[in-house]
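Next come two complexes, and both contain chain A; in the first it sits with chain B, in the second with chain C.
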Partner chain A sequence: MAVRLLEKSAPSAPVSVFAAVGAGSRGRVERLFYDPRLTRVLSVRQANVLLVAGSLRDEDHDDLRRLHDQMPPPRATVWWGSDPIFGFDDLTTIAVEDDPVAAIVAAHRALIMVERASEPDLLPNEPANPWRGEGPHGQGGKGMMGGTPYGRPMAMTNDDLRDGLALDAYTAPFGPFLPMLPPGLKLSLTLQGDVVQKAEVLRPPLAQHDDGPTRALRLRRVARLLRILGLDAHADRLQDASRASECGEEVDFAKLRRLVRWSGALAAIPPGLGVVDGRDVRSRMRRWLDELGVQRPDPADPASSEQPARLVDLLEGLEWTEAILVINSFDDKALLAMAPVEKEDGNAEKGEGEHHHHDHSSRDHHSAGHAMNHGGGGSA
Partner chain B sequence: MIVLVAATVAALVRSARSPFAAPITEPQKVPFLGGGAPTTHAWQRYHVRYYPMTLLFIAFEMEMMFMYPWAVVFVEEGGKAMMEMGMFLAILSVGILYGWREGVFRWQ
Partner chain C sequence: MTQMLAILILLLFLTAGIAAAAMLDRAIPALVAGRPMKSSLSAPFAVAAAMAIAPKSDTEHPDRVGWVLAPILYFTLAAVGLSVVPLSPRLVAAPSEVGIVLWGACEALTVVAVFLHGWSANAPLPLMGAYRYVAIGLPAMLLSMFVLIGAALPAQSLGLVEIVESQRDVWNVVRQPAGLVLFLMLGLSVSLRGPFDYADPYDLAGGTQAEVSGAARLSWRLARLAMLVSVSAMTATVFLGGYLGPVLPGFVWLALKSALVLVALVAAGNWFARMPPARMMSFLWLALLPLSFLMLAAVGVELLLWG
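Right after this comes the complex of A and B.
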């Protein structure tokens, strides 16, 4: 009885979808999740359906395969305006112009009713970093911090930016499908706790050519920041207004502006964060708010210097939330100019094994400024 | 009894996964980083920022813990109890002074 009830109600529940966003499709993915039949989840581990929207770069393919395999079964993939990459079969492809919601819901329903088989792993079933134990207890090396337990080198000590306390700095790649980063942006962050010690751009964000109506674009931009600040309901309101203004409906911009002002979102952003050309994150958001209902395109920044600020310099020393706020406080064009690729991404190719953190002298690198060159990493 | 129930529930929760769920494959064990794979082991030591604050809290709390029983016997004991409390506070305040020097009172 109970099982049958569950069986009946499960397919009608909203589908948990993780969106891997490619070039030029950020806006339409955001519009898509306004549909109540879908829920956007922030980790692929919570998803049943992987939605791949827009075209991907070749170097992102490995990341997409890894992402797909992290999704727990039963799982399905839906391609929306993008070419399926090698390895996937049982394809569900939707053209850019079409609405994929029906296809996603159908795929989910088929998965639950066991009419459609769950997609198998694309990567071989072997550890990404095989166990290389050595030493008397198989711990992986000499001393407390040495060696490579579970196939990966240990994080090595580095001075903390704030008080110089030497504890472990952890380096990991983030992106290109991390939902809080702009699509395509892949960063290598060295973290101490949640403080960014060092940032490098591995891959630039994908161009979004958001050439829809500027009003809708501005609303979505503010909505993104609100979502990061944890004001989901406010973000939904702005998202809805953005959809309405695209459909040509009447939108009360003054009311929305008041809504955001009274939410305290501006006060929740720490002052002096990510200052470029005398503007911090808070004043950039205030400017976006002021321009909410304005039709004309973004004014060119008159004060912009000939040497554009580098995103990686802005991120150093910030906590994770602050860093994410800074990244999302720039429009796509500005971010693209600020995020030139400086380091080869060693993740796609294998052979990252012989790795930066082996030398103890890495703490000296820090005091030498941020020309910290991680061993075999590449040019800084 | 409570322990027994908790143990039973824990055993049930543990066993609930195995018969139905597919085995976890190696690619699924990789942590979610938005596509990338970690290159460094996850074991790491980082600075617990609230740690000095907890030490400070303990210093003040110990004071209070001793002061309650002390207040009960203070009238009977008189000057001797006063001396004892003075010594106790002196020792504790050395700790607080040390914390002050180390920057405990600066908010990070």
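Right after this comes the complex of A and C.
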């Protein structure tokens, strides 16, 4: 009886969608979730449908497969302006110019009604690497710490950058589908608690070719920063406004600016964070905010100067939220210029395998690794 | 007999409060976002139903016992904290002469429940949420202890009935308005909300919730809402005169005042920006804690001179 009631009311809930965003698709994915029939989840673990939008690099394919396997069944994948990669079948593909909402809702409904089979795992559910620990119990490392069981390094004590307090440092890859990072950006971070000790770019962000009206673009950039500051509703408002301004509707920019000011968003950002060419995150956000309604291209970017700042240098020593704020405070072009690949991801996985052996692992076995790759278990 | 009645009323209060909080959690963000609010009444139930039947996810070597226990512990703390709230001078589910001490213990143990939730997933982002919450939760709870002692001083008692009775002439919100503001901040912190949500934030892809789905996620969210209801009732009791009020029965007054606090908390959670944790740490230790201590001293001096 209770179960029947649940099953009756559940289908009227919006479909939980996890978006894996490829090249040139961030804007249209953000616009998509204006539709009340969909809700965007931060973790693929909470998704009913995986939406793959735009083209991916070859290197991203295994990350996508792993992401897919973390989605609990029944599950379906919808490809929107994206070529399905090897391994997936029962394909639902939508052309770039078409609206995928109906297809997503239909796929979800078919899963619930058991008219459509849930997609099977794409990768084997076994360790990516053999157990390589040392010691009588295979623990490796020193005493109870360190070592690389299953090819993943255990945390080892290291001095904190700020106060020299000895804490565990842990290296893991983050991205390329994490929702709070620009699509495609994959970083290798050595974290101590939540402080970044060392950062390396494994893969650069994917070009977004976001050459729509700059007004709409700026609204979306500010919206991303607002989400990191815990202002989801404000971000939704700006995103809706961005959509409206692209459709040529009137937008009250002064009102939006007031709304953001009153939330204390600017004051919440620590001063002196991520300084490039004398501007910190707060002043970059203030500039976007001031120029919300202005229809002219971005001023010359600091990154276009001779010696662009390196993103990895900016991140070191920052706490996680601050690092995420810094990454999102640059426009796509500037970020691309600041994030050259220093370490080949593929080589890293083979050569220094201890740090990046998450490939071909599977759902249960390596989900801790997945969690990092895909963002909190989700997150792409 | 009256105790059984009080328990029944409180259960009803908690259930209705959770439902109301879930609706407010849809309506107020929709209001801020300028989106239609009409689905706010039915949507929470549909979403909860969808979550209840959604499959459970799993990670590599999670702490399974801890994962199940964390939401149960969190919910229990909310219920125990609520049980000391008096509905009238004689109608209390758990009569206690040291009610606010029991509440303080529930606050402190919330840190354990949240940490357990993040720890159990055995994944980095939930663990980061867990550690962060411990770091921010500790000073936030110290703060509330000063504030509560400030409210207990005029009553010369740690019991909540006495604290309510001491407000017959003037509510504590008039005696220490800043104390109410500080206590509301604590409310945001123990219910993991908005500017004080360091456990489950967006930048950690949902933090301690990042690896959780289905019924487990639903239970965590229900526990969060239960704590929100509980802290609203506690705020109404300590600062807004609890069950005191003309004509209507005491528990109706308590419900009305709690509802007011609930709306304020949900609105504040959606309205104010969250600082990065390091900045919040400095703010708590260097600004708010000294302020709360000064307030406590001020209440003491006032009572000495005019009390």
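Just so we're on the same page, the second predicted complex is superposed on the first by the 313 of 380 C-alpha atoms of A that agree within 3 Å, B and C clash if a C-alpha of one lies under 4 Å from a C-alpha of the other, contacts with A are read in each partner's own complex, and residues count from 1 in each chain.
Basically, a residue touches a chain if its C-beta (ideal position, glycine included) is under 8 Å from a C-beta of that chain, and two chains touch if they have at least 3 such contacts.
Quick caveat, the model's predicted, so the values are computed rather than measured.
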Touching partner for A:A265 - first (chain B), second (chain C), both, neither: second
Which superposed partner A:D121 touches (first chain B, second chain C, both, neither): first
Partner contacting more residues of chain A (chain B vs chain C): C
Partner chain in contact with A:I228 - chain B first, chain C second, else both or neither: second
Touched partner set for A:E319, first chain B, second chain C, both or neither: second
Which of chain B and chain C A:P72 touches, first, second, both or neither: both
Which superposed partner A:F330 touches (first chain B, second chain C, both, neither): neither
Touching partner for A:A10 - first (chain B), second (chain C), both, neither: second
Touched partner set for A:P179, first chain B, second chain C, both or neither: both
Contacts of A:F253 with chain B and chain C, given as first, second, both or neither: neither
Chain B and chain C footprints on chain A, overlapping residues: 43, 45, 70, 72-73, 170, 172, 178-179, 193
Residues of chain C that touch chain A when the two form their complex: 28-36, 39, 42-43, 45-47, 49-50, 52-61, 121-126, 128, 131-132, 194-195, 197, 201-207, 209-214, 217, 270-279
Chain C-facing residues of chain A, complex: 3, 5-14, 16, 36, 42-43, 45-46, 48, 70, 72-74, 170, 172, 178-180, 191, 193-194, 226-234, 236-237, 240, 259, 262-265, 267-270, 319-322, 324-325, 363-369, 371-372, 375-380
Residue ranges of chain A touching chain B (in the complex, touch as defined): 20, 43-45, 60, 63-64, 66-67, 69-70, 72-73, 118, 121-128, 148-150, 152-155, 160, 162-163, 165, 167-179, 181, 186, 192-193, 346-347, 352, 355, 357
Contact footprint of chain A on chain B as seen in their complex: 22, 25-30, 32-49, 108
